[in-house]
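These are the structures, in structure tokens.
In the two complexes that follow, chain A is the common piece, with chain B as its partner first and chain C second.
Our next item is the complex of A and B:
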């Protein structure tokens, strides 16, 4: 007797994609659990872990923000290899506002978020026409250029950076602010991409000429998406400046460009939740491996390879599929 | 009497690609509510002509006037905003979206918002109505299927629906019938005829001459980028130069 595995979508999935009709508490829980449980786990973690790991959680949240920002740009068809640009611009802007204009962090962070978004959008405006790898090359080059400009002209503290900046009230405050930001951005982006506005954004990636003939200015929409994504990145940078109470050339480092992409790939692209999940796996993993010593990078790299080969669709896509389907063995009829 | 401004006026349009003139000083006029056929052998510049009118390619010389307004060299979305919709020969749907969600994008455009005057119905319902208009079965799963799994015939119909969603005044159909079976073409012809009866203006580029001649009463013929004939289908096909272009010249 031969058996095969049968996978069937749960009925509620088909119903709830567009029509929100819930018939029981069970169905409500079915929809609520995947949203509430991760938030509760995060909250519990913040209460349980040591100060060192609280710091790690903050930097995890920062990378998660950069990954979310990368995922939004990718959804619009703009592949960015330069998340460090958004991060660095936000970090420096907040640092300068605090250092030279003596703004408190509670004011300099929001100003740097919006200002950084505007500045990055203006910097990338001339290349909005480019697509795919051509856009990616420009985003890769820009942060490398900015760091050399700072080094050569010695502006903004030059190679020394700006130190002695004001910090945030407490580490708890930093922690909850960063995690709250991740959750807000996550749910906002997930909602946004499924509105009619979001459809236009996805349409640009799918077929930009078809969006143009529909009477929609794709450059205006791309600029808006770029502003949203770079604001999120700039916020991450501004936050980090005040966590470290220092800003310097390392904010333009490749780490801030590459790790968000790795997070999105490991977690699953195009869902935002996947990118966030990826960051929450990769960054703590990298910290946990510090004890291993010299082989740390090797083991880390091995993990990346295992994830991408074993689950090329990404962890989140896999979990989502398993959650929405049930499996059973059925007899094969000859 | 006031001189009437032609609906669309193309004069001396020229575009070269590295020494080869794809479109060579083509001129024609179009009246409102008219259907104009554009025919010509492969590589005669028909699609380039459409690209020039709709702004996807900038002309080297010549002008395009739409309702008296010079729209030469405008961006494609501005030209579409005026109400000039085009169907691509190579279908360009949004493959990752369900069929009816494809139409949300033109329905979301500034032009449709402006024409609706702020009052706006349910876009999803409007999208499904439009799909039904071009021959999608309403009470089936087809409008909800992802565009990438739809057969070619449906994608061609959707290409027409994407144009109609814009509430256009002029539709340019670039080989809408290419790759369709006789039966499919026969079922689409009444849709075009209905659009004409609604006073829409249509430019139709077509290789299927028999179907084109059934609905069109004026055609222009392109060959190597040049307009070689213009007039009613019967007359044009009697033209010596057109015969040569299509059948090849004798003894050369």
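Our next item is the complex of A and C:
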């Protein structure tokens, strides 16, 4: 006798899909639980952990922002291998505004967010027409080249970087600002991708020719998505600049390009929540693995390979399936 | 001065062509952009160094073993990892990039950093052409580069495997109908591409020292040449490497060596704006790109 596994949506999932969700507390709870519980856990964590782990949480949030920005670009069919570009441009812009123009961080971060987004979009504008791996190649090259330019021209402090920047009021402020930003971006992107506008973006990924044929200028849409994604990355960079009170060439490092991709791959692409979950698993893990030093990047690399080949759906999709569906074994009829 | 720049520019062009050949071959045949290319390049250099220094094997034999091992590694990567994600460009890029990253950073973790990691030159000494002194290793690079291009040309035009390669590159489904095993051919193409990376590394790296950053810049140079020349077209690769090679050398001589890497980026951006399919790209490539 042969059996096969059957997956069926839970009744409560069907009942909560529409306005009927408001009919009972149980169904409202079913909808609220996966959204509220993670936020509560985050809040509890911020209150309980030591100062050292609060710093780790801030950098986790920064990587989560980069992963969310990567996920948005991928949802439009642009695979970026250079998130460090967005991060670095935001970080330098905020650093220069603070160092040379003496803007307070509360002003320089928003300006760097928008300005960084605009600058990255302009930098990548000529290659927006490229698809797939060609776009990936250029994004891989750009941050590495920018480092060379800074090294060669000795602008912005050259190899030394800019130090002695002003910090944010307190570590609690930094912590809540970064976590709030992650949650806002997460829910904004999740909503955006399900609107009509998001449908066009996903259409460009699936079949750009047919979107063009519908009379839509896909390059304009791609530029907008790129602006959104790079602004988020630039915000992460600007925030990090003021947390460390320093900006230098390390902001273009490989870490900032690889970890976001690893997070998205481990957590599950395409849902944004997955990327965030991945970042919240990988960054504390790498902090715990600090003892192994250089092996860290090797481990990320292996994570990338194992998850893309062995578990391409990622952790979040797995959890989501368990939550919404039940499984049972049924006999195969011959 | 000018004569020297012209000669060194030519050597630089041949170096770029050597680096790009393997990447281009793999991509042209199997459509896999092998982002582990830089890692394979460095892998073969370190393997040769280890065989030579630790096991004290004859240099020539260790070169052969290193190249064969690199080629085997490339084949295995395709067979066990990339084959499973074939046809999904995003996964291919991420998986091969992950492999390359792991290999390179693993070497860094093992402590392969420093000035003692150098490969010996094949023949020591230098000769003068006109007023310019040039070491024999650089001349050998030119000879090996030209030899490799000719061997590849003969291989792809006159042997059965080579013809199967070109068939795959032109139209994979038709090649399948004619009994060409596309998975086997793609594995071969990755193995040969990686072997070429190994040959390039062992010919070029005696000029400097073997360093992990060399892997990243080899990958970037290969990408730049392939994008400018048009991926999959060998003629384009040659023209593009001459263009970028001379541009880099002139920049290094007259502006400053820091600016050398920026040349490739500008070349990529300019070519993408003017002619996105690359210098010698055809309609098929244009479709893949935009």
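Please note the rule applied: the second predicted complex is superposed on the first by the 289 of 334 C-alpha atoms of A that agree within 3 Å, B and C clash if a C-alpha of one lies under 4 Å from a C-alpha of the other, contacts with A are read in each partner's own complex, and residues count from 1 in each chain.
Everything below uses one rule, namely that a contact is a pair of C-beta atoms (placed from the backbone, for glycine too) under 8 Å apart; a residue touches a chain by one contact, two chains touch by 3 or more.
Keep in mind the model is a prediction, meaning the values are calculated, not measured.
Peer 1: After lining up the shared chain so the two structures overlap, which partner does A:294 touch, if you call chain B first and chain C second: first, second, both or neither?
Peer 2: second
Peer 1: For A:101, using the defined touch cut-off, is the partner it touches chain B, chain C, both, or neither? Pick first, second, both or neither.
Peer 2: Neither partner.
Peer 1: Between chain B and chain C, which makes contact with more of the residues in chain A?
Peer 2: C
Peer 1: Just to be sure I read the superposition right, which of the two partners does A:203 touch: chain B = first, chain C = second, or both, or neither?
Peer 2: Touch partner of A:203: chain B, not chain C.
Peer 1: For A:152, decide between first (touching chain B), second (touching chain C), both and neither.
Peer 2: second
Peer 1: Looking at A:214 after the superposition, I want to know if it touches chain B, chain C, both of them or none. Which is it: first, second, both, neither?
Peer 2: First partner only.
Peer 1: In the overlay, answer first, second, both or neither for which of chain B and chain C A:173 touches.
Peer 2: neither
Peer 1: Share the list of chain A residues that count as touching for chain B in one structure and for chain C in the other.
Peer 2: Touching chain B and chain C on chain A: no residues.
Peer 1: For the complex, give me every residue of chain C touching chain A.
Peer 2: 33, 35, 81, 84-85, 89-95, 97-102, 105-106, 108-109, 216, 219-220, 223-224, 227, 256, 258-259, 261-262, 264-265, 268-269, 272-273, 276, 288-290
Peer 1: Within their complex, state which residues of chain B touch chain A.
Peer 2: Checking each residue of chain B against chain A gives 54, 56, 75-78, 80-81, 85-86, 88, 92-97, 101, 104-112, 123-124, 162, 165-166.
Peer 1: Using the touch rule from the top, collect the residues of chain A that touch chain C in their complex.
Peer 2: Contact set of chain A toward chain C: 74, 79, 81, 126-127, 129-134, 136-138, 140-142, 144-145, 148-149, 151-153, 254, 258, 261, 265, 293-295, 297-298, 300-305, 308-309, 312.
Peer 1: Hey, which residues of chain A end up touching chain B in the complex?
Peer 2: 18, 196-197, 199-200, 202-203, 206-207, 209-218
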